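The next part holds the structures, each set out as structure tokens.
Each of the next two complexes has chain A plus one other chain: chain B in the first, chain C in the second.
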Partner chain A sequence: MSAQPGTSTEVKWQKVLYERQPFPDNYVDQRFLEELRKNVHARKYRFWAVVFESGVVVQQLCSVCVFVVIWWYMDEGLLAPHWLLGTGLASSLIGYILFDLIDGGEGRRKSGRTRWADLKSALVFITFTYGFSPILKTLTESVSTDTIYAMSVFMLLGHLVFFDYGANAAIVSSTLSLNMAIFASVCLASRLPRSLHAFIMVTFAIQIFALWPMLQKKLKAHTPCSYVGVTLLFAFSALGGLLSISLVGAVLFALLLVAISCLCPFYLIRLQLFKENIHGPWDEAEIKEDLSRFLN
Partner chain B sequence: MVSFGDPGMVLKAFFPTCCAAADSGLLVGRWVPEQSSAVVLAVVHFPFIPSQVKEFLAQVQQTSQVGVAVLGTWCHRRQEPEDNLGHFLEGLSAIFSHEPWLQLCREKGSTFWSCKATRWQGSTSPGAPSEDQVMIVFYDQRKVLLSQLHPPAILPDQETGDAAAGAVGLAAVFHTVARSEVLFRSDRFDEGPVRLSHWQSDGVEASILVELAKWASGPICLLLASLLSLVSAVSACWLFKLWPLPFIWSKLSTCEQLRYRLEQLTLIFSPQKAENPSQRMRKANMCVSVLLDVALGLTLLSWLHGKGRIEQLADALVPVADRVAEELQHLLQWLMGAPAGLKMNRALDQVLGRFFLYHIHLWISYIHLMSPFIERIVWHVGLSACLGLTVSLSILSDIIALLTFHIYCFYVYGARLYCLKICGLSSLWRLFRGKKWNVLRQRVDSCSYDLDQLFIGTLLFTILVFLLPTTALYYLVFTLLRLLVITVQGLIHLLVDLINSLPLYALGLRLCRPYRLAAGVKFRVLEQEAGRPLRLLMQINPLSYGRVVHTYRLPRYGCHPTHSWGSLCRKLFFGELIYPWRQREDKQD
Partner chain C sequence: MAYRRRGRHGHPRSATRYRAGRGNLYTFRTRTHNICMVSDFFYPNMGGVESHIYQLSQCLIERGHKVVIVTHAYGNRKGIRYLTNGLKVYYLPLKVMYNQSTATTLFHSLPLLRYIFVRERVTIIHSHSSFSAMAHDALFHAKTMGLQTVFTDHSLFGFADVSSVLTNKLLTVSLCDTNHIICVSYTSKENTVLRAALNPEIVSVIPNAVDPTDFTPDPFRRHDSIITIVVVSRLVYRKGTDLLSGIIPELCQKYPDLNFIIGGEGPKRIILEEVRERYQLHDRVRLLGALEHKDVRNVLVQGHIFLNTSLTEAFCMAIVEAASCGLQVVSTKVGGIPEVLPENLIILCEPSVKSLCEGLEKAISQLKSGTLPAPENLHNIVKTFYTWRNVAERTEKVYDRVAGEAVLPMDRRLDRLISHCGPVTGCIFALLAVFNFLFLIFLRWMTPDSVIDVAIDATGPKGAWTHQYPYSKKRGENNEICKIR
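After this line comes the complex of A and B, so read on.
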């Protein structure tokens, strides 16, 4: 501390505090910024890969759209419930067979889930929904229709927000997302004219919100080409359904899909150019070693 | 004001006002060295024989356990100064040696007092007596004798401060006067070997009635006590301890009140004498409260039995119960519609409404089945008033409980249903968010549920959410009704408790003889002149009414509101059953 910095230039400065040096504590020399690094963890994105990944969002939007369209048809009496039940059962069966065929039964062996358990779950779904459908029918009789609509919109938006799109974030909760979708479907089903309608609507909600995303995930992992095809097909069918109800809605929905699948990836890649993430010795210490073995 | 608690400074002579006019003689009293005060109890007149005086004092000392001694001389100059008397009085100090020797003298015309306190030992020059400064405090001997100082239990070895020391000094004075009661027993007409002047009663008034009562009270007490012990033995019989009976007894306020009354009477007629003043006071309080209670009860009885009021009452009772049931029916029908424009679930509303309507129907049939017997029941209940007003009030409370049994049932059903919904909703809300309650760690953890669990949970959650308002409304209405009944019963119990626990005798004593219950004393300056002793008058401060009630309140029976308002509201919100006063009516039918 006593010596002047000018008189002791031959003494080499060291970045340690445990040795007595002729420099003030906050002194740094020119070598300080040599260790600066930029964009260490930045990833290079390719446009089509990002578009492919955005398929999950498009699929979920389309699911909600298809659900709402089907409900509208049922409410208007344009769609016979038997027909929906038949289609739903047939597609569920096909999906169930596909689910095992895609990875050759490997996922089933890993999870150790038997077909008996699947059958039991299906029976529980159907029995409970069928048993409760008269209650569901009269549940919201005295509540205003607008309240029900507002509640359903809120719940479906919540479903989209909390859905597990594959991102690693705190907000993601697949349980909450599924529960909100079921709540919305129960609310909407209670507006339908008969209890059979309500039963079929809730069954359909389980198929489209719980079972369909599971099949999609498997398709995406094992056969990416067919996944693209299925996504496109699904998107166009949702658009077609919406078009039959309202032209404006269909146009807006198409614009939304295009924006999510094409514009957003493009914008993301453009914004990568402006990324300036600096790293250096001032960063917090990071523990590189895997400590998870100490946890158990 | 005089600082009372500094010992050693000024000698305090407590002098009874009744002795101010006494003839000259010897001062008899007790010397309290810790307070340096002399408590004069009496004056011994001339002529006397010193050995007789000594013998008499030893006798008093033995019976009263108070160190009574000759403290000095008293000289009352009525005529011209008598020098020979003065010398004679001085000579007495050689016979009755006491340290210090007081010489109290009242001049002619009663306004001039002089006092000397002489010490032979401890003075600077041996042989020459030293004199202390003296303060004369007058006290009313009768009032101090009869009064009881509060708080009573102060140990003499407590020396915590000036105030405590002052209180101890006062307690010593009061104690001394109270213990020397033997000294005052002789009255004006007694001719003993020693002639004394002190407070005296005007002789014992002899009355044949009083003597007879005194004479008869012992055997009567004994007889009643044995009768009461017989009654309590019967009530403790094993037949009354078979399983459901003790539970029912504990729920009926009449039984509680009767048990309490039995305890009271046993205590009053117990043949043992009360040991200390507080026990004596408790006994007196109990006696007065029982007497007042019975007097009020008899008044009620005479009112009831005059002009056929019992028949009127019995005739009115059934229509009142009918009316209540009818009002409840109207309320239920209102609830089954759209009460206050609320959106209720119609199906559940109808089911609940019909269930409760059927209940009321059952209740009305029960009342009508009972109606022929009601007059006889009321007549017998009216007889119970001769046991006291409190007993009949307790019976009234029990009858109200019985007549509103349907309200209680509704409340229980509503609360159970509501509690079920609230519990279910709170746990399903956790499931809805993908959480669960970890019992071991007492916290909410995240949990991964199966698809079917999630589905059923959410389905039930939705149903419960939409059904909650209906249940909550029923619960609210019936809880309000129940609270109304509880309030009425609580008021009756408050009245009963008031009669049971108010210390009426102590209050009467405070009203008529304020000096009997002393909280402390105050001093009034009579004369303050240079060269003459300070003369003070000690007056007794009576205890305040609030303290009287607080000190002598009789113990209550039964349990009392244990809820705070916060916990009560919490219980109401979560639908737990409340019993703000007591748990009753569980098994009455």
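After this line comes the complex of A and C, so read on.
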């Protein structure tokens, strides 16, 4: 080794490998782990902001609840299909107008989609669903009702799991989520008394699972206050509907909503205190630039 | 690797041993060890870990230790093979699962490994690479059998994602009762200590080495009318190939006399080809494809500047090889790279296209003004930095230290597992350790240690390779050793 034994007391340890240093190989300097950083990218959450964000989950839970309640009423014969069709169409029209009003038609200009195209797809959809509704009605006749219910439950749960709540995760897939919801609606619709019921049920499912979230997203982005109002209103109407069927179900559902919108944010913020995210020179570097410009 | 280097290690031992001052081999060492290197990664696979194991083993043999290597079978290459200087390699018939790493059940390899440990009279198990399941299996079995264990970690790991959280937990379990751990750089040591929650005192830093005689400069091979930047790396995301695809057009537009030579293969090669196509640089950017280790030097000496764009690196051997060939090194400042070369031999940049371009421009202007040191001078400086003999000497100190330590008895090992690895994982692995111990007792009852033949000692102080004893005499000697034990 190059260093002289006599000088070893004054020599300062360096974090270099190319020099033979007068220290044993397992020497631990004071500078050990000095570049360790903790919680560099940790975000500070504010309670009400998190509660606001949890609105998406609440809304989706309520959508599923409203859907099931409406189905129950139809199945029991307490709700006339014409009435549901009328309300559904009316609210869709209002929603359609709102959709453009909220952002002053900016989204429409960006996407370049004409009203004629919207009308065409709506017509095509309604015609085909109406035409196929007798098939939908008889499609699952040979399958036992219990199986249908079980399948619907799984599909609706799957819809909730895979729904795009705005998180950037691998599990999120809005296509899969929508497909599962429509599948559940087809399953449930096939247990209704007539094919008109089935047609209206599937149309309603499209409205509540495909169109309604789009409107919500826009509401949330442009008018947060009205979004809170709409969420509350929606939650209470879902609760009310459930209450008319089952008291226990309504209480449990209310508890679930409170837990998701208040308790979970509270715990998220509390558990942040225990967060210990370690960073240091060993981390894989991130490429922050946009490198695709070199290829375009 | 092994066969190719035979020329170097095959020459008469008296000639290689030794300049004075480097640990006198002829004064007989009081203590020699029987070392078993275990890793999934060995020749014919190629890479840093593989050459590390081979070179270290050769140098340890040179220093009078007995070394055997255990790895898994590579295709047709199975059974026992002897390499240069009687280095014995066991290619075990274990199933390869993913990326040349074997599947592990924690138990199925015990019969084979125990047999090897006993018949080779191994005293120290030295496992390599945290990606190798076999290395961890061997550590587990060795502790059950009461043998000393050493582990070398060659890689860096993050802490953020789920996969690293799980692997770090397994590493904690595997290393919590290992006698000593070796890391290849100080950054790697910090990383390993954090990952496995270790006492830093039992972690040594011993860098990798390069063979300076393999990487000599040859200034006549390069054209001084143009400037050539050399890149030699696998073309994968972690090596920063994306950054390279931004640097090439940026600099080629600025300097008309600039050429790139890129050696290596990988999934990201396609983006380099796209860049070359897009900017019409076919005559200035050469993609050589996969390189054999022996060809690397011939590529390096054609360049003036070496560029390394890695995003993470425990110890970057490529930049040492390049500097040894007399190239100016420009590299990203990640992982252990700042520790590897002194500041005047390397230009460190942030991992971004902008910063790397600035670093390269600095190197180009130095080159044009002629302020860069001559390749021969660079080589003479770098060749003193990292040698395998020095690595072996320092590893030997670890072995000496470990040999003096007691292996944890079973009860204390279980205590350590439970107290150190968390209540759930700790208890599970303590239970597995107990099963392993019972399995070992069963195996000992089936085939007692005494009926296992002692292997012919190829290397080591009384090795068959060193003294050309006739077979019968050698056998008799080995039996004597048995009796002494």
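Rule of thumb we're sticking to: the second predicted complex is superposed on the first by the 262 of 296 C-alpha atoms of A that agree within 3 Å, B and C clash if a C-alpha of one lies under 4 Å from a C-alpha of the other, contacts with A are read in each partner's own complex, and residues count from 1 in each chain.
Heads up, the rule we're going with is that a contact is a pair of C-beta atoms (placed from the backbone, for glycine too) under 8 Å apart; a residue touches a chain by one contact, two chains touch by 3 or more.
This structure is a prediction, so every number in the text was calculated from the model and none was measured.
J.: Examine A:Val248 and indicate which partner it touches, taking first as chain B and second as chain C; both and neither are also allowed.
T.: It touches nothing on chain B or chain C.
J.: In the superposed arrangement, does A:Leu33 touch chain B (first), chain C (second), both or neither?
T.: In the superposition, A:Leu33 touches chain C alone.
J.: Quick one: is A:Ala167 in contact with chain B, with chain C, with both, or with neither? Answer first, second, both or neither.
T.: neither
J.: Just checking: does A:Ala285 make contact with chain B only, chain C only, both, or neither of them? Give me first, second, both or neither.
T.: In the superposition, A:Ala285 contacts chain C only.
J.: Look at A:Ile135 in the shared chain and tell me whether it touches chain B only, chain C only, both, or neither; answer first, second, both or neither.
T.: First partner only.
J.: Name the contact category of A:Leu273: first (chain B only), second (chain C only), both, or neither.
T.: Touch status of A:Leu273: no partner.
J.: Residue overlap on chain A between the chain B contact set and the chain C contact set?
T.: none
J.: Where on chain C is chain A touching in the complex?
T.: The touching residues are 156-160, 180, 185-188, 190-191, 193-194, 200-207, 238, 240, 242-243, 245-246, 249-250, 271, 274-275, 278, 311-312, 314-315, 332, 334-336, 338-342, 351-354, 385-386, 390, 394, 397-398.
J.: Over in the complex, which chain B residues touch chain A? Could you list them?
T.: Per the stated touch rule, the residues are 338, 343-347, 431-434, 448-452, 454-459, 461-463, 466-467.
J.: Any idea which chain A residues touch chain C in the complex?
T.: Contacts found on chain A: 15-18, 20, 24-26, 28, 32-33, 35-36, 277-289, 291, 294-295.
J.: If you look only at chain A, which of its residues touch chain B in the complex?
T.: So the residues of chain A touching chain B come out as 121, 124-125, 128-129, 132, 135-136, 138-144, 173-176, 178-179, 182-183, 186-187, 202, 206, 210.
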